[in-house]
Amino acid sequence: MNELAIKDLLYKLADDQLILGHRNSEWTGFGPILEEDIAFSSMAQDKIGHSLAFYTLLQDLGETDPDTVAFTRNANQFHNSQLVELPNGEYDFSLIRHFLYDNAEIIRFEMLSQSSYEPIAKVTTKLKGEVKYHVLHANTWIKNLGSSTEEAILRLQSSLTEAIPYALGMFETSKFEQELIESGVYAGEEAVKAEWLERIQAVIEKTDLKLPDLNTTEPKFGGRNGEHTEHLQPLLDEMAEVFKIDPTAEW
Amino acid sequence: MYGGGNVFEATKFDNLQTEDPAKLAEFEARIARGEKIEPKDWMPELYRKQLIRMIEQHAHSEIIGALPEGTWITRAPGFRRKMAQMAKVQDEVGHAQLLYSAAETLGKTREQMLTDLINGKSKYSNVFNYPAFTWADSNIISWLIDAGAIVNQMANAKGSYGPYSRALERICAEEAFHLKYGHDAVVHMATGSSKQREMIQAALNRWWPPIMTFFGPSDKMSTHTETLMRWKVKMASNDECRQQFLDMYVPKIWELGLTVPDPKLKKNMETGQWEYTEPDWDEFKRVINGDGPCNAERLAVRRTAEERGAWVRRALLNPKAKYVKPLA
Amino acid sequence: MSLKSLDPRVTRLNLPEGEAPAIEPKQELDQFETYEAFHQKKDGAAHTYVGPVHAPNEDVAFLFAKEQYSRRFTCVGLWIVRTEHIQVTPYVGDQENVYDMMRVEEPTERSEEVEAYEIFHLKKRGKAHAHVGRVMATSYQEALQEARKQFGEKGPIVNVWVMKSKHVLQSAEEDKDMWTTIPEKKYREAIAYKVMDKITKYKEEHKTTAS
């Protein structure tokens, strides 16, 4: 099996979760109600934990250790989709991103738990249950808020419209796509996207929200190849601020 | 996390003459037997008022206490620290949730408590009005402030009010993680590079004075205080807590070769008591009354969080819902 | 000027500098109504009371309770009940049995058919209510009498909670996997932090240089 292809897959999985976990952690202490603050923090912790699990698989393939990989690379070395690096904005944007992202994530995990590459299959099988809660959380909120007050619907709709091009960017294919599909490692971005669309539509139909026309939406690609918005580098700098005081030290 | 520093002032409810003597006797007998009081029981107004005040202040301290350490969530170095820091701050928010619920069983709603917090009407632990300048400050808070909180909370967990005890039991279990995590981080810094050592000593120097005020000034004993002790509302004196804290943690600081910035600090082997420079209680009073380095920011952040979340709460508010106090 | 904080997250909030003006008192229900949560530690164990959450409905209450009350230690299930839907008996002393001491009132409402009710007992003040079983009845009062017959013999029982089964939101069997990884999240546990070796090593080194 092509190790480069597997590494490429692992990097995008890990980087997405590291960055989104980091973004979601920014809400701790600022949530709309105490209970939601707690729930959101748990999911942020899970995401960081998932990224660690994938960086550990990368280390097993000869990459450097997770802390160095996560805390010392520059933006152009990151493979996350641009969706996850955007600033949190208000809670409507964070919820919409969470909804769009986790509904894709669960499909990736379900597919990867059948992967022919056993280490990935093992990790995703184990962690699937956590993502299941993330999806339940996202869908419950979107169903509730998406059919509530005009104010809430407007907010969510505007965030949905803003986020959709970036969400499509999650499904940017890699040069190893065909290889991964043929070797049974991963079903590929097109398959994930098709399933994702059905699932998010099923939720959106239960609300007063409208999914923008995806045929006329230009996806924001580039993230998988290290092209990022201006928001990623400051985030990485902040993340590494203490670590970089002395990268050789044990913190 | 929470210190003492409760000022148990006499109130208009101090006069127990207005309470039904038979009910009061039954209430006191129950506590004397070591039974807990539960929300549906009859209780004297003084008991109810003091508990609401104490639990509410404790809850506010948790939610405000999430802020100085929250400062370092996005910058915590490495996976291990980052995840633990997130979990720790999350726990503090969780503790606030548990404590507000316990206070609600006594009849004050969470809405009223949050309003009073934001409007500066009710207090929270004074230490959280000080800033966490560096990662090392956050480590000192995790270790020593939580250590202080455990001393206080372990005592209060044995108090007479059921919902508060239940909440504290769980809180103490979680604080045990905070304490170990904080200690672990401090030990890494103290035994690490010279830069790390310098950072942790500087943070200890900054935090020592607030830590010494954490348990509040010496109690003035009065019939009021005696009543609250008999009712197992107040479980240990502020000085007892401070002595216990010094006994447990000063040796652990010293064994790391760190210096406690108080030349007078030593244990008097004859009395078994720690001697120390008397904390600056004037500053304590000034800060608790609003004039500390971070008071305005702490409340502004809380206020903003409430405001920015208001649309979410408005959207899901069910006007037909009926608020019922939590049961236990 | 907006407030510049040591916390980059706070700086990004663009708060105005200086004292914040007072807020209007929060409206009633701003924090929603309350729901009570019961967790099940392992298969076959009784569901036990863990505490309340504030939430706008039971689905959201479930999301909230899951993280507030079952993010640590093993858990295989969670029940959620709106506080309003729970009937509570008086509390008696730790040595007493509430079933022997209370007057059962005439039901104010009866259902035509019998319905299922869940019964929870408190064995000792300060502890948590635990599920003892289910009874069939046409009213809360009848359910309480049934509960006495079936579970009320072995005292002391300090307090009883009664609720209709249909009011209990129960987590599904297939959702158990949401809790499976919790025992592995060691970073949240005291046990994961062991520094004695580092301290001992430091003390050893320090001793050598000092002498």
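Letters are used for the chains, namely A, B and C, taken in the order the chains are written, and counting of residues starts over at 1 for each.
Rule of thumb we're sticking to: a contact is a pair of C-beta atoms (placed from the backbone, for glycine too) under 8 Å apart; a residue touches a chain by one contact, two chains touch by 3 or more.
On a predicted model such as this, the values are computed, not experimentally measured, just so you know.
Visitor: Leaving subunit C out, what are the touching components among the remaining chains?
Guide: Ignoring subunit C, the remaining chains still form one piece.
Visitor: Between A-C and B-C, flag the pair that has more C-beta pairs in contact.
Guide: If we tally the contacting C-beta pairs, B-C comes out ahead.
Visitor: Which chain maximises the distance between its CA centroid and that of subunit B?
Guide: Relative to subunit B, the chain with the farthest C-alpha centre is A.
Visitor: Can you give the whole-Å distance between the Cα centres of subunit A and subunit B?
Guide: 37
Visitor: On a C-alpha centroid basis, what's the spacing between subunit A and subunit C, in Å?
Guide: Their C-alpha centroids are separated by 31 Å.
Visitor: If you average the CA atoms of subunit B and of subunit C, how far apart do the two points sit, in angstrom?
Guide: 22
Visitor: Quick check on subunit A: which residues sit in contact with 2+ other chains?
Guide: Expected reply: 26, 30, 33-36, 38, 41-42, 45, 49, 144, 238.
Visitor: Could you say which residues in subunit C touch two or more other chains, in rising order?
Guide: 8-9, 13, 31-32, 53-54, 56-57, 60, 68
Visitor: Could you tell me which residues belong to subunit B and also touch two or more other chains?
Guide: Residues 67, 70, 73-75, 83, 87, 94, 97, 188, 301, 304, 310, 313, 316.
Visitor: If you look only at subunit C, which of its residues touch subunit A in the complex?
Guide: 8-9, 12-13, 31-32, 53-57, 59-60, 63-68, 71, 175, 177-181, 185
Visitor: Provide the residue numbers of subunit A that touch subunit B in the complex, in ascending order.
Guide: Residues 22, 25-26, 28-38, 41-42, 44-45, 48-49, 52, 66-67, 70-71, 90-92, 144-145, 148-149, 151-152, 155, 238-239, 241-243, 245-246, 248-251.
Visitor: In the complex of these two chains, what residues of subunit B are touching subunit C?
Guide: Subunit B reaches subunit C through residues 30, 33, 35-38, 40-41, 67, 70-71, 73-75, 80, 83-84, 87, 94, 97-98, 101, 104, 109-112, 114-115, 118-120, 131-133, 162, 165-167, 174, 176-177, 179-181, 183-184, 187-188, 190-191, 255-257, 296-297, 299-301, 303-304, 306-307, 310, 313, 316-319, 321-328.
Visitor: Quick check: in the complex, which residue numbers of subunit A touch subunit C?
Guide: 26, 30, 33-36, 38-39, 41-42, 45, 49, 87, 126-130, 132-133, 136-137, 140-141, 144, 238
Visitor: Give every residue of subunit C touching subunit B within the complex, in rising order.
Guide: These residues of subunit C touch subunit B: 3, 5-10, 13, 15-16, 18-20, 22-23, 25-34, 36, 49, 51-54, 56-57, 60, 68, 72, 83-84, 86, 88, 90-91, 93-94, 125-129, 158-159, 161, 187-195, 198-199, 201-203, 206.
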